[in-house]
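Some structures are shown below for you to check.
After this come two complexes, each holding subunit A, first together with subunit B and then together with subunit C.
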Partner chain A sequence: MIEIQINGKTCTCEPGEFLLKVAARNGIYIPTLCHHEGVGEQGCCRLCLAEVVERGRSRIVVSCVFPVEKPIEVYTDSERVRENRAVVLMLLKERAPESEEIARLCEEYQAIDGSRFKALDNEKCIMCGLCARACQSLGTGAIATVGRGTGKKVSTPYDEPSKDCVGCLSCARICPTGAIPYKQDEKERRIWDRSFTLVRCESCGEIIGTREELLLAAERGGREPDTLCASCRQKQMADVLAHTYGLE
Partner chain B sequence: MRKTVLICCGTGCRANGSMAVADAIRKAIREAGAAADAVAQVKTTGCNGFCENGPIVKVMPDNITYYKVKPRDAGEIIEKTVMAGETVSRLLYKNEAGERVRSQEENPFYAQQKKIALSAIGQIDPENIEDYIEIGGYEALKKALAMTPDEIISEVEKSNLRGRGGAGFPTGRKWRTAAGYDNYPKYVVCNGDEGDPGAFMDRSVLEGDPHAVIEGLAIAALAIGAEEGFFYIRDEYDLAVKHIKKAIEDAKARGILGDSVMGSGHKLNLSVVRGGGAFICGESTALMASIEGRVGEPRAKYIRSVQRGLWNQPTVLNNVETLANIPYIINNGGEAFAKIGTKGSSGTKVFALVGKVKRTGLVEVPMGTTLRHLIYDIGGGIIGDRPFKAVQTGGPSGGCIPESMLDLEVDFDTLSSYGAMMGSGGMIVMDDRSCMVEVARYYTQFLCEESCGKCTPCREGLRRMLEILTDICEGRGREGDLELLERIGHTLQDSSLCSLGKSAPNPVLTTIKYFRSEYEAHIREKRCPAGVCRSLTSFGIDKEKCIGCDLCAKGCPAGAISGQKKEPHEIDPGICIACGSCREACRFDAVITLGKGAARE
Partner chain C sequence: MEVTEKNMREIIEGYDRDQRYALAIMQDMQRIFQYVPREGLELLAEYLGCPVSALYSMATFYKALSLVPKGVHIIKCCDGTACHIRGASTLIEGIARELGIGPGETTPDGQFSLETVNCLGSCALAPVMVIDDVYYGKVTLERLKEILSEVKKGGGGK
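What follows is the complex of A and B.
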């Protein structure tokens, strides 16, 4: 067990625990966009900066991937952190001018003025890569970050409709800025330039997913594809149990 | 005594036609008959470093070096030098005093160098393992096999050798840390992904002395207990890849590598991985991702790769030049190496001295040599004796150093304390006709394309810095731009993910620091003092100086210059595209640089 100071508050943690997690457990909020418990760490949005002082030397670290190994002093709202974060947020705003989340953060953390620059057109994506990681771990790896440098983007191979995509919306749902567009009507869902037939719950008629998505889940789980939505399935299970124990 | 004709066949000399020279010399020996054949053997060697004067041909043991040799000179070299021991005067190097010098040691370019990493290059055929063994090759490995890992590491620690790739991390400490983990397998990797524009130190070593690098890597493997190693070489280095691959095969065939290194029972397999063509893959964690077959992107290095590197195992990554120094250290002892150079930075450093200097090429000098010595004594000063303006060191991660700092000693720490860095050894010299804003813009653009794009400060910060710099170069600079550049630059230094992003603003920040007035001339006066930024430049002709030689008009691609022979010429500002070729062509300094819209009547 290690004792560290965050903004003057004494916090304890296991060696190797990430700073962001330690702070969160102790009720200290650090803003972040690219961090998600479910898909591993990447440390790329650079919003969760913190200043670490160790043996009199101070440096800026990224708290989501910074493992705490020694007793340190941490400041999550020092002048140096504020300055860096204010510039990073301005850069994100000029990158994704359409994102309401970014605009909100810019206001909250007083981003510097970026009116000098030509903001990107119609852009919400901040290139955090969460979507690609979610697709890799939950879906099929149908999308990835493509290219490098300022031209980097998220796309399917060769920008063509991917045969691997199952239309599960993992990418769109995890996106912190709502940058992945999709359309859905009664019967169909369109995403990444492909359309998928929607399957409805046999009992209540709720949409339970695309046919491809349900087939993939069934294949991975080694069972028949779902025909009921989650709540109807629970209800069915409850009925079976009630019948078994004579509680009808 | 049998004579050896050594023909430089490094990439530079090959481009100048050295393979044809080698063929011509072999043919000349055959034609000269049995007598010549008995006295002469031909060897193709690695790069001698003086590529602009290639192809270079040396005759040993006479120690005569010829420059800019053409195939048609072959007969004369064989007949006069090889057979009769005479020199062919016109092929010798002419020094500043106009004297022809016979040996390489008398050539001012070589005279002041001290070679360790480059010592064997140019003497041996890199494709022949016997040549390397003949000059004492693999003796260090043999010696290391009789030492304990701790003894090997202590020797490297005593040498104070620091990583030549740019960061300058103490090599011994890196090995010591990796040796301390008992988590097997461990790996050793040679970083040959040299990517700085204008730099070719590592390429030359890999091409010219591949066995020395293999020997260094094998000693590293012994020291930390690794049985597998990789050479990560950038894909464009075709000849380097070929030579390293052949050297590994030959070493394996002789039992130097493989299941029992020199019969010791230690196992070591080395292989070559060709780079993916991205600058970022020179960064350690991106390089390792690339070897593993993943996208070459760095990760946060709070846990270092000596602990968790390739496939999460302890890994030592050393630069080519670092490894090339290892055999010397083991053979001569760490203390002998530590005596060379300065206290904090021992040994020598190889620099690629390029740009507007009279003698360009690869030079190896003791650490602590001043910039002035490198540029003026070895490099011979600025072309055309024009004023020196700046030297760019360390490539895109480095900075621009002004004349007032020419007496600084070049080592790991001195330049860094001034915002520049020695880096891996790129050194680009610039004269008064180089625009520092344009230089900063060039490097920023390079980095915009070569950033991996993973973290926000690097990807978006560089995009915005480039936007401002382009505006300044094209006459749209505004008040406040410099402060904004500095602010974004400091954020990159503080909060980027890897060292590419952290060092990316150096070219911009150092040029603002040392050449601020040049930025201000662009922004406030809409004028490029160096006459480089086309949107802010026009040219005129000084009628007093112009003698009407017509050279400028002949070189003008736009046909904007007119005038009678022997009469002062004129530039039509409506046609002129401000390319500056007239200024380059004029031998009388009659072409003058003006601001845009200020063209003379």
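What follows is the complex of A and C.
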């Protein structure tokens, strides 16, 4: 067990634990974009910077991928952190000028002026790759990063509708900047150039997912596809239990 | 070699079913077919049990892999600082005149592809050109004609 100081507060953690996680556990907020509990750390948005002081020396680290190994002092909102974060946010804003979330963060953390850079046109994506990782870790793997350098983007193979996609919206929902477009009406959902038929709860009529998504889940779980939404399923289960114990 | 399912399977099945061999298999396909065919990518995904998107991502990441057929002979013309000063652009123009292709293009007969690279580490030989792993240094326009006809005849390179 290691004892560290975050903004003057004493926190304990296991050796090798990531700083961001330790801070979060102790109720200390550090802003992030590319971080998500479900898919592991990547350290690419550089927003979660923190200042680490060790034996009188101070340095800036990326807290989501910084393993705590020694007793250190950490500052998450020092002058130096604010200065660095203001630059990072400016760069992110030039990369994804259309993103409302980044515009909000820029306002909140006073990003510096980035007018000397040419902002990308009509772009919301910061190329963090969370969507691709989410899709891979769900085992569908319909999208991935394609190409490299300035031409890198997230796409399906050959930019064609992917047969692996089940239209589950994990990519669109995990995206921190809302960069993945999709359309949905009463019957249909369109994402990555494919349409999916929506299935509704048999009891209350709530949308429970696309047909492909439910079939995949059923196949993995070795059971029949869901026909009820989560709350109707709970209700059904409660009814069964009540009946079993004669509580009706 | 012809791009057939049998030939592709032969390449793929020379390796164990492990995703870490994906790159090696794709490199083999590139060397043998001069590109990574779409069917090859799909067969490989099935063999390794990984999504096509993961392989497509890799194939678009590495410059050594191409998704469209490349020429039998690959000309790498250096346009780094030293070569550029010593006349690499004239050389590239010379190739365009001789073969009718610009950087990134392939001749219609599928014999030559032209690529420009940023440095081949042989600046003393500037301007440098590499055809199928054979280095040609201090290339002039006259020498270029000789080299190309030599390669066409099968003398140089492969």
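Simple rule for what comes next: the second predicted complex is superposed on the first by the 247 of 248 C-alpha atoms of A that agree within 3 Å, B and C clash if a C-alpha of one lies under 4 Å from a C-alpha of the other, contacts with A are read in each partner's own complex, and residues count from 1 in each chain.
By our rule, contacts are C-beta pairs under 8 Å (C-beta built on N, C-alpha and C of every residue); 3 or more make two chains touch, one makes a residue touch a chain.
Please read all numbers here as calculations on a predicted model, not as lab measurements.
With both structures placed on the common chain, the touch criterion links A:156 to subunit C but leaves subunit B unconnected.
In the superposed model, more residues of subunit A are touched by B than by the other of subunit B and subunit C.
In the superposed model, A:31 lies in contact with neither subunit B nor subunit C.
Shared-chain residue A:178: touches no atom of subunit B or subunit C. In the overlay built on the shared chain, the residue A:143 is in contact with subunit C alone; subunit B does not reach it.
In the superposition on chain A, contact is made by A:88 with subunit B only, not with subunit C. Of the two partner chains, subunit C is the only one that A:164 touches; subunit B does not reach it.
Overlap of the subunit B and subunit C interfaces on subunit A comprises residues 144-145, 147-148. Residues 278, 280, 295, 299-300, 302-303, 447-457, 459-464, 467-468, 478, 480-481, 484, 487-488, 490-491, 494-497 of subunit B are the ones touching subunit A in the complex. Residues of subunit A that touch subunit C in their complex: 132, 135-136, 140-148, 156-158, 162, 164.
Those residues of subunit C lying in contact with subunit A across their complex are 38, 41, 50-54, 56-57, 60-61. Residues 42-47, 49, 60-62, 65-67, 80, 83-84, 87-88, 91-92, 94-95, 112, 114, 116-118, 126-127, 129, 144-145, 147-152 of subunit A are the ones touching subunit B in the complex.
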